[in-house]
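The structures come next, written out as structure tokens.
Both of the next two complexes hold chain A, though its partner changes from chain B to chain C.
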Partner chain A sequence: MSDTEQSRPARRFTIGGALLTLLTILAAVIWFIPIYWAIVTSLRADQATVTEFTLWPSEPTLAGYIFGITNSKLPIWYLNSTITSVVITFVAVFTAASTGYAISQLRFPGRRLLWWIILASFMIPVPALIVNHFVIVANTNMLNTYQGIILPMLLTPVTVIVYKGFFDGLPKEYREAAVMDGASEYQLFYRVFLPMNWGVTTAMAIITFIGAWNSFLWPFLAVQSEEMMTVTVGITAVQDAFGVAYGRVLSGAVMASLPVALAYLLFQRRVTQAIALSAGIKG
Partner chain B sequence: MASVELKSITKSFGAVEVIKGLNLSVAEGSFCALLGPSGCGKSTLLRMIAGLEEVTSGKITIGDRDVTHEMPAKRRVAMVFQNYALYPHLTVEQNICFSLSLAGVSKAEQKTKGGQVARLLQLESLMDRRPAQLSGGQRQRVAIGRALVRDPEVFLFDEPLSNLDALLRVQMRLELAKLHNELKTTMIYVTHDQVEAMTLADKIVVLDKGVISQMGSPLDLYNAPANRFVAGFIGSPAMNFVPATLRKTAGGLEAELTGGTKFRLGDRAAPSFDGTRRVEIGVRPEHVQLGHADQALITGRVSVIEQLGNTTYVYADTASGPMIVEADQSVRLSPGDTIGLNIDTDRAHVFDETGMAWPSVRSAT
Partner chain C sequence: MAFRRQELTAALVFVAPFLLVYGWMFIWPTIQMVRLSFTNAPLIGAGDWVGFANYTKMWGDRVFHNAIWNTGYFVLLTVIPGTAIALLIALMVARLRGWLQSMVLAFFFLPFILPVTVVYVIWDWLTNVQFGILQAVIEPIMGRSINVWRTLPWFMPGVAIITIWWTNGFSILLFLAGLRNIPRDLYEAAALDGATNWQMFTRITWPLIWPITVLCLTIQLILQLKIFDQVYLFAQGGRTQTTMVMVQYIYESAFVKNQGGYAAAAAVMLFVFVAVISVLQFQLLRARGQR
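Up next, the complex of A and B:
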């Protein structure tokens, strides 16, 4: 037997394997049907959405999209979503990286306590804190403002945990070599540790962006004025204003999820990496 | 270049004292090897000179500057790490010039200095590569280059060759020796490999459990080990040790091995004692000769033969314990053969119960 044959055994057909493949395909189809149906429905005329059940619309139309763009504040909601998501991504990733670095590499009083607080904080589900967040934001007059949406969403303990894990895993010689070269703490962070973990930073940034763009509950509570709504909150307004107009609602949903889908398609490998990085932590 | 002076250095980690009141003086321009087994404190000592570890007590002087509590970057020392610690996101040139860049040196000057170092280490064609694209030897040279560019007064090496394969290690050893000859900068080199220490250093400091066991030139340590630890650590294959009973006779010291073999030892600085004294006789493999079993001092049975081409090592089991003989390549023996062994008694070492050597008059002079 050659080396290649030894290292890569021939795939054998087994009933178990075939069943598993079938189940996987079935799960993929079940998962994909609602997405496909949403896209197809968004291309149907209003009446056809409840009368036509074909796989492809008989008369495809972009009316739902045009309606959403021209008759709602979708462009503004897009802008709001973009601003809040980008700011959340930059600030959350930067603070998480800095915190992870500090806890991993610096020795200061209360370091262990800080680490335990961060570990404990991600064990509390966000909905449990949402009333407190609302009260604080309302009392500080930040409802219907960007900072009102952004501030409570900057708390990302999981990202801190991922960064700390990475910084812990780096050989101490990198730090020592840079210290001997005369690097200050800031230079160590910006010129050695952060660039060495560029892959982690990209992965964390993408997953944070997707999370921020998709978030609904907090922006829904923090914003009442239509001008300040994000896309996810805004499309529920379309539903409220026009009754159950499936074509319009779903075209709004498709447009809302476009940036996320695009981000996923472009950075698929990084997203997978980010999920793998935080999977063990999120549990 | 500068001298390095360590005075009464101690280092403790919690309750464990790893360096115990150590005094060491490394002359300006010398190549000093800190040699010892794992856990003897040699790396800790080097890291204290570098400033990466605080001393518990004592004083470190580089040149005429007291650097005991000085920041690492201000000590004017550069260190080459065992795993090279090259920054993976930077090119070879950026790695070499990293310290200059941190210090705010202009790009043009960085380029000039980096280029000079690259020429010296034959790295010019690799300047745009990243560490992952380099071989072990090339990485090692980049690590040396990064130290070199800082123009330090003292170079510190922490087992820099231990990650290389045997062939490359020999090559890099040679390059380091050349570099030292060229630069004449003080170098302190930590290793557990006595061959590296013997071939590179002009001064070897053997450490054992945080104290200096012996220091001196490579040949001093080889020919006149101060104790059993140094005798066993220096030399490859290691020295043979056989238990013996020593007695004073009218003609000098007489040793009796297990099995009744007796022989006279050369004159040595032995302390006075009455009756007999239990000691260990140490003999290097090249000071044992093969002979006929019926005419030799000791008889033994061959257990293993190692033929290295230029020489042959014969491992034999004797009544006094296992012994290694360095023999000529022409020797034709097989495992199981009975052989005779003769010891060059003038070159034999004697170690008392505490492990201290009684130096022979010949080796002491």
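Up next, the complex of A and C:
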């Protein structure tokens, strides 16, 4: 059970081992049932959602999806989610990278203080700040705008910590040699240090994107008009409008999760790496 | 210590965007939160200084007690059980190889990347009183179908189970990374000495995986203290007072009752709770690890 050998050929076959493997697969399948059932239900015709309980719809249909796209603001919400998530990803990762780089590689007064403040911010529960975020955003007339949704979500101390850790791990000679060659500070960062860790950057970008797409509480507070909602907030609005039509609601849910599910399935290794990095362990 | 001029300017350019966002969206609101908590201001607009009135009022509010109790109950139901389940799953997945391992891991991890509203919609359907397939499990045990989200004793455990299902992928990945980092020769040496699987687990795996366990428990605790989304969504349309959690208390005070000052005081309380509990837990777990 506690065996973790890696590259070795399979261990000797035992009945106990086979049963355990079977049990693991069974557990994984059970874990997956809710998602499977949601997808299957979304493919059933309206009536069939409450009369048919088969593993696969007798007459699969995309009617629920088409209804969602044509009868709700889903396309606009998709656009809103895409714009806000992409901007958050770019800005948050870029500022975190340059800050992590400065703290790790450059000497400037207040460096230690800045580092301690960033570490301490782990302690502050961001949901505690919703009241004052709302006040700030409302007072600057940013409610129901992209900026209003984006700004409070740019707080990513963890990403700074990840980058600082990465840059700390590089030998000091890199910088010294490049400085001797007459490279400017900016060339150094963009040409030498950032390209060295595209892997880390991709990983952090993917996980930031998933986080931004999925966030609920703040976009829910910052937006009241239906035109500015993100998908994540919007699909509960669909639920109210669609009533008990579960097929339609679940079609919306499937569409809302599609980008993040794809991001995960395409970049599985990067997502794993990002999670290990964020937790501060070697993946 | 002398600073190079060029280096200083560059450093300023590099940290400026972060400092701007950080100051504007983090330090400033934190200071404002504390100040606001001593006033009777509405959500938007000025108010009078009232000293500790908000705090004393909150201390006597039954709904606030509910919020603390429910948050604590939720933490109890998720943090340790969730971490234990994650370790168990990680141990099971670590045995597998190749594509089978990737596939099984993907099944366990997939819920983690779903938006909370999707999680809500899925489980709301699964638990639907008339048509939910989970009623097929509930009915034989309870003798009747149950409206989980309108039955008080079922509410928190229900949300806890869903939260474990949803967020466990994170801990599973951390445990798997930890298991991979355990040197293989330790097990080989133990096997040569004739150790049983159970002995290998208690003497090698468990002590070496303990730091990851502490990490998972800490991350989970801080995360689950901030529970809001799931509770809010599942309680929609019902009476929220009995299932209130702390962040929801802040939300309702500010955005439903329009009491900005009072909500800020509740936010300060949450802040204090999170800080105290995370420091305590850290000390406690570290001490236990050093035994």
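Quick notes on this structure:
The rule is short, and it goes like this: the second predicted complex is superposed on the first by the 254 of 283 C-alpha atoms of A that agree within 3 Å, B and C clash if a C-alpha of one lies under 4 Å from a C-alpha of the other, contacts with A are read in each partner's own complex, and residues count from 1 in each chain.
Going forward, a contact is a pair of C-beta atoms (placed from the backbone, for glycine too) under 8 Å apart; a residue touches a chain by one contact, two chains touch by 3 or more.
Since we're looking at a predicted model, the values are computed, not measured.
After superposition onto chain A, the partners chain B and chain C occupy separate space and fit alongside each other. Look at A:121: by the touch rule set out above, it reaches chain C but stays clear of chain B. When the two complexes are laid over each other on chain A, the CA centres of chain B and chain C sit 100 degrees apart as seen from the CA centre of chain A, to the nearest 10. Legend: residue contacts after superposition of the two complexes on their common chain; A:222 is shown touching neither chain B nor chain C. Contacts of A:205 after superposition on the shared chain: neither chain B nor chain C is touched. Using the contact criterion defined above for the overlaid structures, shared-chain residue A:189 touches chain C, although it does not reach chain B.
Of the two partner chains placed around the shared chain by superposition, chain B is the only one that A:177 touches, whereas chain C remains out of contact. Set side by side, chain B and chain C differ in how many residues of chain A they touch, and the one touching more is C.
By the touch criterion stated above, A:43 is placed in contact with neither chain B nor chain C. When both complexes are overlaid on chain A, the residue A:74 reaches neither chain B nor chain C. In this overlay, which is a superposition and not a single complex, chain B and chain C have their closest Cα atoms 9 Å apart. Residues of chain A that touch chain B in their complex: 171, 173-174, 176-183, 187, 191-192, 195-196, 198. By the touch criterion stated above, chain A contacts chain C in their complex at residues 1-6, 10, 17, 20-21, 23-25, 27-29, 31-32, 34-35, 37-38, 41, 49-50, 53, 91, 94-96, 98-99, 101-103, 106-109, 111, 114, 117, 121-136, 138-139, 151-152, 154-155, 160, 184-186, 189, 210, 213-214, 216-217, 221, 231-233, 235-236, 239, 246, 249-250, 252-253, 256-257, 260-261, 263-265, 268, 271-272, 275-276, 279-283. Here chain C touches chain A in the complex through residues 1, 3-4, 6-15, 17-19, 21-22, 24-30, 32-33, 36, 43-44, 89, 91-97, 100, 102-104, 106-111, 113-118, 120-123, 125-126, 128, 130-131, 133, 165, 170, 173-174, 177-182, 184, 187, 197-198, 200-201, 204-205, 212, 215, 219, 222, 225-226, 228-229, 233, 247, 250-251, 254-255, 260, 263-264, 267-268, 270-271, 274-275, 278, going by the rule given at the top. For chain B in complex with chain A, the residues that touch the partner chain are 50-52, 72-73, 77-79, 81-83, 85, 87-89, 98-99, 102-103, 146, 150.
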